[in-house]
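Paired with subunit B in one complex and with subunit C in the other, subunit A is shared by the two complexes that follow.
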Partner chain A sequence: MSTVDAAPKPPLFRAAVRHPAVVPVGAVLVAVLIGAVIMVASGIDPVRAYTGVVEGALATDNLDYTLSVFGLILGMAIVFAIPLRMGEYNLGGNGQLVLGGITAAAVGLYAPLPCALLVVAAVLAGAVAAGLFAAISAPLSERLGIPVIISTLLLSPIAVAFGSYLVRFRMTDTGSGVSQTPRLPDAAHLGTLGDLRYANVGLVLVLLVLVVFWLVDSRTAVGFELRTLGANRRFGAYGGVHIGRLNLGAMAAAGAVAGVVGAVMVLSPPYRFIDGALTAPGYTFAGVAAALLAGGRPLLLPLTVAVFTILQVGGAGMERDADVPRQLSEVLQAVVIIVLALRTVVEARRARTGRATT
Partner chain B sequence: MNVLEWSFVAAVLMAATPVLLAALGGALCAQAGVFNIALEGQMLWGAFAAVVGSHYSGSAWVGVLIALVSTAAFSAILAVGSARWAADPIIVAIGVNLLAVGLTGFGIRVLFDVSGTFSPPDLQGLHRMTFLDGVPVVGDVLARQSPLVPLAIVLALALAYWLSRSATGLRLRGVGEHPEAAGSLGVDVTAYRTTVVLAAGALCGLAGAQLALGNVTVFTENMTAGRGWIAVAAVMLAASRPAWVLVACVGFGAAEAFGFRLQGVGAPQQLADAAPYIVTLLVLVATRLRWLRRTREVAV
Partner chain C sequence: MTTPAVELVGIGKRFGAVVANDGVDLTLRRGSVHAVMGENGAGKSTLMSILYGLYRPDTGHILRDGRRVEFASPLDAIAERLGMVHQHFKLFDSMTVAENVVLGQEPRRSGRLRRSLLDRAAASARVTELAGRYGLAVDPGARVGTLPAGARQRVEILKALHREAEVLILDEPTAVLTPGEVRSLFAVIRRAADDGATVVLVTHKIHEVLDVSDEVTVLRDGVVTAHVRTADTTAAALVTAMTGRDVVPAQNTGRGEPGEPVLEVEHLAVSDGERTLVGDVSLTVRRGEIVGIAGVSGNGQHDLVATLLGTHRAAAGSIRIAGVDVTDASVRERRALGVAAIPEDRRGEGTAITMSVAENLALGHHRTPPIGASSGRRRGLLSGRAMRARAQELIADFDIRTASEQLPVGSLSGGNAQKLVVARELAHEAPLLIAEQPTQGVDIGAIEAIHRRLIGYRDDGHGVLLVSHEISELLALADRILVMLGGRVVAEFARSDATPENIGAAMSGADQAVRA
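Right, the complex of A and B next:
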């Protein structure tokens, strides 16, 4: 085998290659290239398709809508990122989202509260319900050894079915014939931002959550313990971190954020909980992809979420303008994750001798 | 509603088979020390490949073969990534699952210009074993099934025997138990792990084929609907032992078939949707609690 690093590289080059931004940017570029190959193979003009993506997401008329989707995906990215900081995978976002949404809808419809309190109560109730639900995974993991990734995945469809049952049989808008709740009263509508039609106070709420996540992650002992566990679980336990308590907190917080996102979706136009409408757009897994790309780091999240928001919203524009199936944005999300995970090939090459054992 | 009749047993086996095939793949991986949670996506790819193969060739068996081979190829991402390049198998698998959803949805749009569901009227499904009609018990249970159903059961028993009684089976378990020790004895850890993940891919291909050409004759976007995750849970329940995987998957099949019958007597569809997950979780918790209590008694 020939030696790869025969000529010494200038330090500037090496520093540039080691920069933390190289990996995520590289992953996105590779995904865009692979997407282009898939399109060419399917007889689609990639340049036109990608132009469609960017225009669909960033044209002035669409920015308002893009911004609202950005808020929702950012929320779901935080949902996955919080447990990711301690090395756990929360893949139950859909169930937590639905539970938060249906709870917010129930409070909005039935709680006898004065105007100003109703919105707040609905959001809080959504957060609490989804937070409690997500927290179930913590004792299952710490006491019974069922990994969080498994329990969240098994719990999620139960919550989705429960929400679907409520909206179909208990909270149905009987006149409409569609599986949806009645329209929430005006008092339960989230406030608007100026004259924007889509982006509303919900976006501000999610940005606030991000700030809190960033502060806790970087400025508090809890954040330090989270990151220690994520880096090396046994060292963290040896250092006196209460894994069980931290896991409970992380999962409850993640679920609560999902609940807020679900509540925001229900308390925004068309102001109803519609069966399947919360999970259908796929914000949960766009959030997962964005959080993985950012390595769960709070300050990188807005950037990676922006990338996936453009893909997601632009996917619809691409379908309209260039007749490219919008599923291509899912393919690109997936390729980003896979490329990101496979970056270890570089390290595997570097360690020329010895077998890589996990 | 009568659950004590042979047609119910048949429904249980039908529901259990796709999950069983995928779970056997997952169990092999777990025995070799690879946590394979890409079963869901690989099964979905298998279902898509089987339907595409059957549609273009006009033969269901060609569809099965294409599902088997192409899903093994699809699983090369995980095989090479986790075994050779030491990538995190969980993150690769999350990507693979998402990729399968995207690619299959994209595929039916590009190939057939339909979205959601692809079911051409001339799509060939797997033949039922109608020659068993009239045979007592066996005929009642198997005559309406595809040959993949008994094959899955035989495979489970054969894998159980192979893992515990053969030299290669022993080496495979060694690779999972203690990779350094196995390596020092001259077992090629990377090769074992790569092969096992590819084999799991082939099994998921069969699972998908059974789902899309055996249980029904149609491809629907995201038609696996969490069966791959139930398979992962079944592997956990069975502590990766193939014979117990069989038991766990039959249990799951019973939950699904029972939920389906409940729906027939007027229970909401959502209960049927949730039943397999509720049962899987409860059984998982119960076995873990029992195990916990037993280890505590030993400690005292």
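Right, the complex of A and C next:
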């Protein structure tokens, strides 16, 4: 095929349109507008509702709790983002989270270790268990051709059920009627941050993980190879990238991060593994949405995670102040995802009619 | 003269910077078989997609029986009695032949309540009737999943006939067929045409065109290069129309004696599990020589070079690079031993268009200094500064036109993207360079620049394996030329003996009088 030069546009304009932050910001703006339309249609004042959301999440009294949720969603966003860099979708966050949590609980309860070591060992054990579990999906994909998105999604409930089984029949707190482990000893509690009640050392841990993810992504050969595979898998294979090894490493790393998040949740108040308590708040899929919105880019993750954290935490404030059901914040989260999906459809249609998208 | 069944007039279609069709005219007469020929990327598929309503043309229009028609989707094309049999079948494996054929236009049972039910007996009878009329042997009750490729294709044809298609488009119909199946397909095509149907046969196999078609239209680089009656043409003339580019002057002047071998291939075979793609190929490339591989595309050249690089697996035989057996080695091991490659599919394999020019130039160099480090304290780290510096060097050296090394490769023109690929691969200084269609889809200036580079690379004592569909390019560059046909090397010419005529004859198989 012959080629001609594309129509010239000012380079600054093109660079601005191509900036990686354009899409997430645009998607959130569109979602906020659509949300406002929905509210007006149901007779709700959108200004009051949105003020309620933001105040609910960011009021001084709530900030502590919002920060802790931010850390957990950020962790789960990294869990999804690492394999996303090479074009794989890890939907097994829940199973990896539970496996990490239950392992950390087991170590905290039964390992005969001195104080400082116990909490470190519990976090590490959670990371290793969840990392090994998540890594199973790599050979399944490379050797048997089962896509990672499928195997992670299907393996996840098995791990969740395994965690339930352990907490109900093997590690139950016999004193209470609830399916929960005994309270972990003080030595296994994560350190606090000043006089904050919710946010603790776990938040710092997740931020450290984010920094490591960013450094690996931007400054190492492995990160470069991951991004290359994500941009064009055949290009990577032709260039000599070992896809199987990288997939294994990415899934293990993602699982390990999920394990850390699970451990952080168990080693924080109420210092127990409670059946269903890790998956019920929906941090996993809030993380998936935030990571998708950021395109997996490490530096955009804190921004998109902040959006979803505010929606999630602020929903309660909105209900209280504006008398808007908190389910509306779930609607908003869903609208963000639909807007993202629409973009893919629009691009595909543009390609069909032959207008260049780049 | 009667009105043609379909006329495509002045069809133009662009995809971004790529012109897929440029002012293409195609006239399909009723009751004839019209072959549309061209290499991969010549624009055949785009043209057929426009005819079938999958794409809308940027310019030009379609006449059906002299009426102007607009196809917004394939449904409109089907309503105008067009039918298409795609290269990859669109059938439901778990359903029967009859169910697949009538799907979308099912005969219904009678009665108020049963109107929503499929009348299986009528469906079966319809398939038997159609199959009998056109000589298509199928069992209406068989599950499609259990049928061989030839039978599935007959199901696809029946599907089109059931919808009363008068214009039947067959996209590369013989790619998946055995020789026996090809013969019966051609019999069906002839019978349909004699029955008044109009058949469009999209192919790049010359002998098929000569065997079955009444007229031929040849596309190259999106324009029509020949439109003739089949009876008035020859295999050599069609090869020239498909591949002949007359701008390339002979540049290969003088060379020393070739040195030690850098690539030794013995009895190599490649298979996709069903068919043999490459059969029993042996060849050697030495330092200081360019070995050309000629052939109409789809005759195993691509599978051969993919196996040499390691992205495909060999079924039999051995490959040695720089004296080391690499038959089972990974791509990275082979590259480390000394092979670089310019792939045929620039956008699909040779670049990542969303990544920057600098990053695209770095792949393969990212684990060695100065960009990466293979050992020591900085092992595994990447230097962004070195990456950009290397990119700026290569951009200047190879005259890659881009505003910045930070822009995505998708913003480059085809010629500049190709120069980027050539620059990255030559920078390896690998003893063996595999260059597959190194000038496909680039403008004349870039062609000359790339040709000069390849000759210079050889003169520096490297070996080059050059795969090209362009005879003129091979004559300009290669020291020896091998010809591939049907996955085998069927001829070898020394540079001094090679002419467009004898290579074209070997490419078309005409010198062997073999007609599969």
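By our rule, the second predicted complex is superposed on the first by the 320 of 358 C-alpha atoms of A that agree within 3 Å, B and C clash if a C-alpha of one lies under 4 Å from a C-alpha of the other, contacts with A are read in each partner's own complex, and residues count from 1 in each chain.
FYI, a contact is a pair of C-beta atoms (placed from the backbone, for glycine too) under 8 Å apart; a residue touches a chain by one contact, two chains touch by 3 or more.
Since the model is a prediction, treat every value here as computed from it, not as a measurement.
A simple residue count on subunit A separates subunit B from subunit C, and the partner touching more is B.
Applying the stated contact rule after C-alpha superposition, one finds that A:Ala237 touches subunit C and leaves subunit B untouched.
Look at A:Thr228: by the touch rule set out above, it reaches subunit C but stays clear of subunit B.
Once the two complexes are overlaid on the shared chain, A:Phe169 sits against subunit B while remaining clear of subunit C. In the superposition on chain A, contact is made by A:Val345 with subunit B only, not with subunit C. In the superposition on chain A, A:Ala59 makes contact with neither subunit B nor subunit C.
In the superposed pair of complexes, A:Leu117 makes contact with neither subunit B nor subunit C. Of the two partner chains, subunit B is the only one touched by A:Pro157; subunit C is not.
In the superposition on chain A, the residues of subunit A contacting both subunit B and subunit C are 355-358.
Looking at the complex, you find that subunit B touches subunit A at residues 33, 37, 77, 81-82, 84-88, 90-92, 94-99, 101-103, 105-106, 109-110, 115, 179-180, 183, 189-190, 226, 229-230, 232-233, 236, 268, 270-271, 273-274, 277-278, 280-281, 284-285, 288-289, 292. Residues of subunit A touching subunit C in their complex: 1-6, 11, 14, 18, 218-225, 227-228, 231-232, 234-242, 351-358.
Remark: subunit A residues 38, 42-43, 89, 91, 140, 143-146, 149-151, 153-155, 157-158, 160-162, 164-165, 168-169, 285, 288-289, 292, 325, 327-338, 340-345, 347-348, 355-358 touch subunit B in the complex.
The part of subunit C that touches subunit A in the complex is made up of residues 13-20, 22, 41-43, 54-56, 58, 221-222, 309, 311, 330-332, 334-336, 341, 343, 345, 348-355, 359, 362-364, 366-367, 372, 380-382, 384, 403, 408, 410-411, 413-415, 441-443.
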